[in-house]
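Below, each structure is written out as structure tokens.
The following pair of complexes shares a single chain, chain A, combined with chain B in the former and chain C in the latter.
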Partner chain A sequence: MPYTAEISRTNPGCFIFLVDQSASMSDPMESGETTQPRAEVVANAINRLLTELSVKCAKEEGVRDYFHVAVIGYGHNQVGSAYQGVLAGRDLVPLSEVANNPARVESRTKKVPDGAGGLVETTVQFPVWMDPVANGGTPMTRALGYADTLVAHWVDTHPGGFPPIVLNLTDGESTDGDPTSAAIGLASHATADGPVLLFNLHVSGSGGAPITFPDSEEQLPDTYAKLLFQMSSVLPSHMRSYAASQGHRVGETTRGFVYNADIVSIVEFLDIGTRATELR
Partner chain B sequence: MGDIPALPRAQWLWTQKSGSGREEYEDAAYCWQSGEAAADGAGRPVASLYVAVSDGASESLLARDWARLLVRDAVESMRLAGDWWQELPTFVRDLMDRSAAHWDAFLIRYQAERAAQGRPIAWYEQPGLEKGAFATVLGAEVRAVVLADGTTRWHWYAFALGDSCLFQVRDGRLLESFPVRTVEEFGITPQLLGSRNHDVELVARRMRLASGELLPGDELLLATDALAAWLLSRTTEAEPRGLVDAPAFASFDQEDFAEWVDDQRARARMRNDDVTLVRARVGAEA
Partner chain C sequence: MAVPPGGGPGPGPGSGTGSARKFPTGANYAEALQHPELCFRDPDLKFGAVQQSPVLGPKAISGNFASVFSVTARSGQRYALKCFTRDSATLGRRYSAISSALGGLGGTGKALSQPWPVGFDFLEQGVLVGREWYPAVKMTWIQGTGLIPWIERNLGDPSALHTLADNFLAMTADLERNGIAHGDLQHGNLLVAAGGTFRLVDYDGMYVPALRGEQATENGHRNYQSPSRTAADFGPAMDRFSAWTIELALLAVATDPGLWTQLHDRHGEFLILSEPDFKDPATSLAWPVLLTHPDRGVRELAGRVKGFLGEPASGLPPLTVDGVRIPGQRTGGGTGGSGRAGGPGAGLGGGRPTVTSWTPAGSGAASGTGPGPGPGATPSGVPAWMAGRLGTQAPAPKPVRQPAAGTGTRAGFGKRGTGDLVAAVGALLSNSTPGALVLAAAQPVDVFPAAQGVALLTSAALIGLGRRRRPEHRAARKRVRELKRRARELADPASTYERLEKEIRVLDDALAKDNTASDQRIQALQLELRDGQARITMELNRRTDQAKQQLAGLAAKERRRLEKALEPAVRAHVQEKLRRTSIEEARSLSNMGSKMVQALQSAGIRTAADFIGVDLSHNPSVVFLVRPGGQRVRVPGIGEARANVLDVWRQSLEHRARLSAPTTVPAAAQAQIKADIVVLRRTHKAEIKQAEGEAQQKKTALQRRITDERTRLTGQRQQRAMDTQRRRAELLQRQKQLAGAEVERGRVVSELGVARDEVWGELGVGSYVRFLLIGR
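Right after this comes the complex of A and B.
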């Protein structure tokens, strides 16, 4: 059965984040009552994804290298590593190095339940690897090609491992041509455990209700969303199970696509061992 | 009091997940037997062997320490309560109070040690520490009771939270599988006791109890999930008395066991996980 290979230190997984950093990303994303520049939404998503991955793989001696992670920015007519700080310029980085080298760690306030039905403000540490950037065009096709090179090398060197996961975070307006062929090429790489998984987060100003893991493009508001949906891989069955356990309606054609909604929960889809779940 | 026959000796075999170091083994087991006879609720002479097994959840921090603490506390709570299965909520409260107190003391020591080592808790550990450690827990008492006519009867009593399992085997056939009965029931989200869970009622509701009579020659096997799933998958379908196609664990030492587990993993018969087996056989002379 595909997508069942063990993810461990001896068989690590590969996560590639592609981040749209084009000028249009300075436009707002409207979702419910909040309005935020799209670049800020995706930078926050990347920082939270890296945080959640690090926390998930943390053990007493440090963060275990269950994954190697790349954050690739595209915009300003260039494509390359979007890490800041000491990781700047690097592509795939073992997760322990990612965790130990954020560009900075901010203190942010967060409201948490006070145990008596109310909320109380508390300070949490928020590591930052990437700040919002919005500049120039949207070379999405080149970005997918860049990921293609990383993925091709990865599957060559990890032929039996869990297939690489590529997550593209964008407002969808590619300026270097239709990215469909590049996406098909990227998703055609495979390990013995299955083809590469390509997921997309679409941050858009087109409004409409946030949509998470749809199984058809019918409700999507514009052509960009539909294109990104078509480029997205179908969720493997164990990921569908987790999506369902998080309350999402899923079917056999559900794709790894999210429109104006939170994608960080995708970290929960990754199996590295027995989950620490509260008794219910 | 009448003479109590010799209690079975417990054999503990374990090996860590392939790719992990021995110090990364996150299961735990603990056995304890009374040195002298006591009396049961009916005043009859009894002697007991207590065994507990726990499987720390790999995604939680300090799972190994929590599992080690739980098995000792589980044995202690069974031992001190006598007929502990009669009053499950009381037993659960005792176990949870005991383990919570021990865990709080452990955490204070742990954080002080980390600070002393110049390795204060990192940002990526903080959420895990706040969430707490998680583990399954399975406890069993093997009890010999001397009847008025001088004969000895053997029973086992067990509790379980999660998918660590107890098996009773007679003449190579599976008599009982507790609390999981089929391979399909295993997953990666078993029920777990969290170190920050203080909801005694909920834990008591989820905890399973079972018991059975033992005859001389019967074996009890307590196993964490990878081996438990293996055992169920290697048992013929003629339940409840299917033949268990298992090796002669009695002759195994740790090295034999580790080699055997590696071989089963290589044949894709056993999931790669920490593996624990505690085995006890009621003496044929009893």
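Right after this comes the complex of A and C.
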């Protein structure tokens, strides 16, 4: 049965995040009571997820390398690592190194309940690995090609492992040609445990209701959404059941795709899309 | 170990409905715990200090369902706080039942083997995250070592490992006796405290009698479970498979630490066996190593555990002392005096960490009495099972003259053999023959003495050679050499001791280096097998994907072909119906009439079959009817409106005709289609089968190659270990003999004298010549 390989330090998993850094990512997006540029919302979500993964893989002796993680930005004339600080320029990085090397740890103020019915303002430490960038076009085809190279090498060196998961977060149409064949090429790589998983998230432009994890393209509004849907892999069964446990309606053909995502569905997408097999 | 009254199924905040709610993630908790004064209600925690990680704030230890944080209260008491990341409506109730069950343990008359239960409080309002309280379990922090690091630290101490195995067995017996099962027995939940006793942690999946009839919320670590375990196995027997595999691992490693280095993967989440060994024992590299291990105990226990693989998980017998002991084996602790007498289970090796079946014949090392060399003397490079034996010295030889080999009771030569006859005959001939030759050939006189001299020398050499070839002589000479060496050593015992020490170290280092190399090679082989198998599977998937898709599409294909086969009959039927409908019938249509019908007839349209549509594309005012052949005809009087009416009329006729058309394909055609599909199905299946067969062959070949190589390596390793052991025992013996060097030297020197006398006396040339002549 595919997508059941154990994830361990000898059999690590692989996550590749593709982050759209085109100019339109500077457009505003609702974020709680305020609005933030989309790029900022996405960067926050990725940074939070890296913390999340690190905590999830933390053991007595420290963070274990259950995963290797790449964060690839694509925007103005450029496709490459979006890590900053010590990790700048690196592609797939073992999780323990990620955990130990955020570019910086910010103190952010946050209102939390004081336990007596009121709210109190406190600061929380927030590790940052990538900053928001918004500039130029959307070279999605090249980004998928970049991921293809990483993935090809990964499956060659981890033939029995859990297949790499590629999560693409974008807000617009590809500006360097139809990405379909690049996506098909990317998803045609496989380990013995199954083909590579490619999940796509389209960040909201309009603020309309998000369409999360659809199982057919009929409910999608336009050809662009349909294209992204077709590029997305069907959710493996354990992700399906996890999505269901999180209140999503899912079926056999549900795909890892969110259209018109708001801030909540970005977090959900990352949460569900990075559920590899159970960790111990 | 109390559960507060609120620990029952009472309506905690947000948990009243029983429906799953989203729990915080590990990182959510880590963020909340940045402010213990805000996120806790429990006073110990509220004013406590949360342990921090180097970079990411509060340090978590995460599992599948929870993250654990360390909080030290003001009092100095340290707690482990378990924060749940998945909802379970029954959490509070379960913990309450577990708390009562564990609290009642160790009462009168049934004391626990060791203090393995860990105290906890279930806090319904444990941690405030966001605006909600979430439950948490507050436990006393256990000072202990994880099972894997503990084993690695104690690999060189077989006695400690045996004690650990005994303690593990005793703990599972405690659980069994009380009808309790942990649910997830695995290295991560087994902490080893001082004295090699266990502390059992993580009670989320625990079964206690009060939980009878519930379902498991988890099925335990994949590397410790029977392939047949399901949630329905939740009950007192659910630990048995894990218990047996853990006991097997502990005893095997205690018996032969080399098994750890060979079978445990440095980063592996298992001891020596893992899920693939259970699910696919046929391709496992571990089973053959265990099942053919030189130690009978390891072999038999491994065989027993392997036998459990096909059995229902909860039908296995409990782990008992008798279960792990070899039938007919001496109970442990009796003869060894090794300091672990009276352990609850003698286990393998009869209580002594030895591998008796490996003893090279006549090495004399297996009958020892001592507990082995002191801890300092156990070199890291030597397997502990050997270290245990190497200290057991053969008794020091008594300072009496030892009989030369082959004689039985007295020194001197034994029975004459072929070599002696050759020597005797040769000596005789070489003395007489030259004389005879000289006489016959009338050689010059002065030649004679020279020839005679050569002959004498030759016969002397032959006698000497014959004597040297005698086993008695050789043994005696060897003995003299040995005694000389010892006399030399005894003359300067200190430097000799050091030299021997160095030799032992060199030996140990060499063995350790060899072992490391072979460990690496074995690990590499395991990887090679795993990756090789994966690559074969990938290749297979690539080859069969298309065939599988085709196969899946065959039903649809059959349907399409049947429809297609039906089409001519349907068309013919429709044509026939249209042909039988005279254009006269169109007369009654609105705005038509006989004039129009006549016009149509004169344009050649006599039945509904004589036109197939209208063409308005040229010019709205110029309307064509389309004939079946595609030609367009203009019919005077037929404008757009009438043309459309005609077209609708014709379509409705066609529609009606289709309804009455045949629906089944003629039997012959149908049979043909079905036969074609069968052929296609067979072809695709054959393709898949062939690819699978080839993949299987490749896998088998790979498996065989790796297994052979592995067997060879293991054999080599054992041989090397044995050789080293023998050499080492020898050196140790010599070292030991340095004690009391003065007295010993005197003894050796006098013995040397005796031995020399023997070589030149009883075994001297004179004696040999006499022996040649008279056989005594």
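Criterion: the second predicted complex is superposed on the first by the 232 of 280 C-alpha atoms of A that agree within 3 Å, B and C clash if a C-alpha of one lies under 4 Å from a C-alpha of the other, contacts with A are read in each partner's own complex, and residues count from 1 in each chain.
The rule we apply is simple: a residue touches a chain if its C-beta (ideal position, glycine included) is under 8 Å from a C-beta of that chain, and two chains touch if they have at least 3 such contacts.
If you're wondering where the values come from, they're calculated on a predicted model, not measured in any experiment.
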item: Which superposed partner A:Gln246 touches (first chain B, second chain C, both, neither); value: second
item: Which of chain B and chain C A:Ile272 touches, first, second, both or neither; value: first
item: Which of chain B and chain C A:Ala190 touches, first, second, both or neither; value: second
item: Chain B versus chain C as contact partner of A:Thr10, first or second or both or neither; value: both
item: Which superposed partner A:Pro28 touches (first chain B, second chain C, both, neither); value: neither
item: Partner chain(s) touched by A:Pro221 [first = chain B, second = chain C, both, neither]; value: neither
item: First, second, both or neither for A:Gly80, with chain B first and chain C second; value: neither
item: Broader residue contact with chain A after superposition on the shared chain, chain B or chain C; value: C
item: Partner chain(s) touched by A:Thr122 [first = chain B, second = chain C, both, neither]; value: second
item: Chain B and chain C footprints on chain A, overlapping residues; value: 6, 8-10, 51, 54-56, 58-60, 62, 99, 105, 125, 127, 271, 278-279
item: Touch list for chain C against partner chain A, complex; value: 20, 22, 25-27, 29-32, 34-35, 38, 41, 53-57, 59-64, 67, 128, 130-131, 146, 186, 188, 221-223, 265, 267-269, 275, 530-531, 533-535, 537-538, 541-542
item: Sites on chain A touched by chain C in the complex; value: 6, 8-10, 48, 51-52, 54-60, 62, 99-102, 105, 112-115, 120, 122, 124-125, 127, 155, 159-161, 190-193, 245-246, 271, 278-280
item: Residues on chain B engaged by chain A in the complex (per definition of touch); value: 18-19, 24, 55, 57-63, 122-128, 131-134, 161, 188-194, 197, 199, 202-203, 206, 272-273
item: Complex contacts: residues of chain A adjacent to chain B; value: 6, 8-10, 51, 54-56, 58-60, 62-63, 99, 105, 125, 127, 271-279
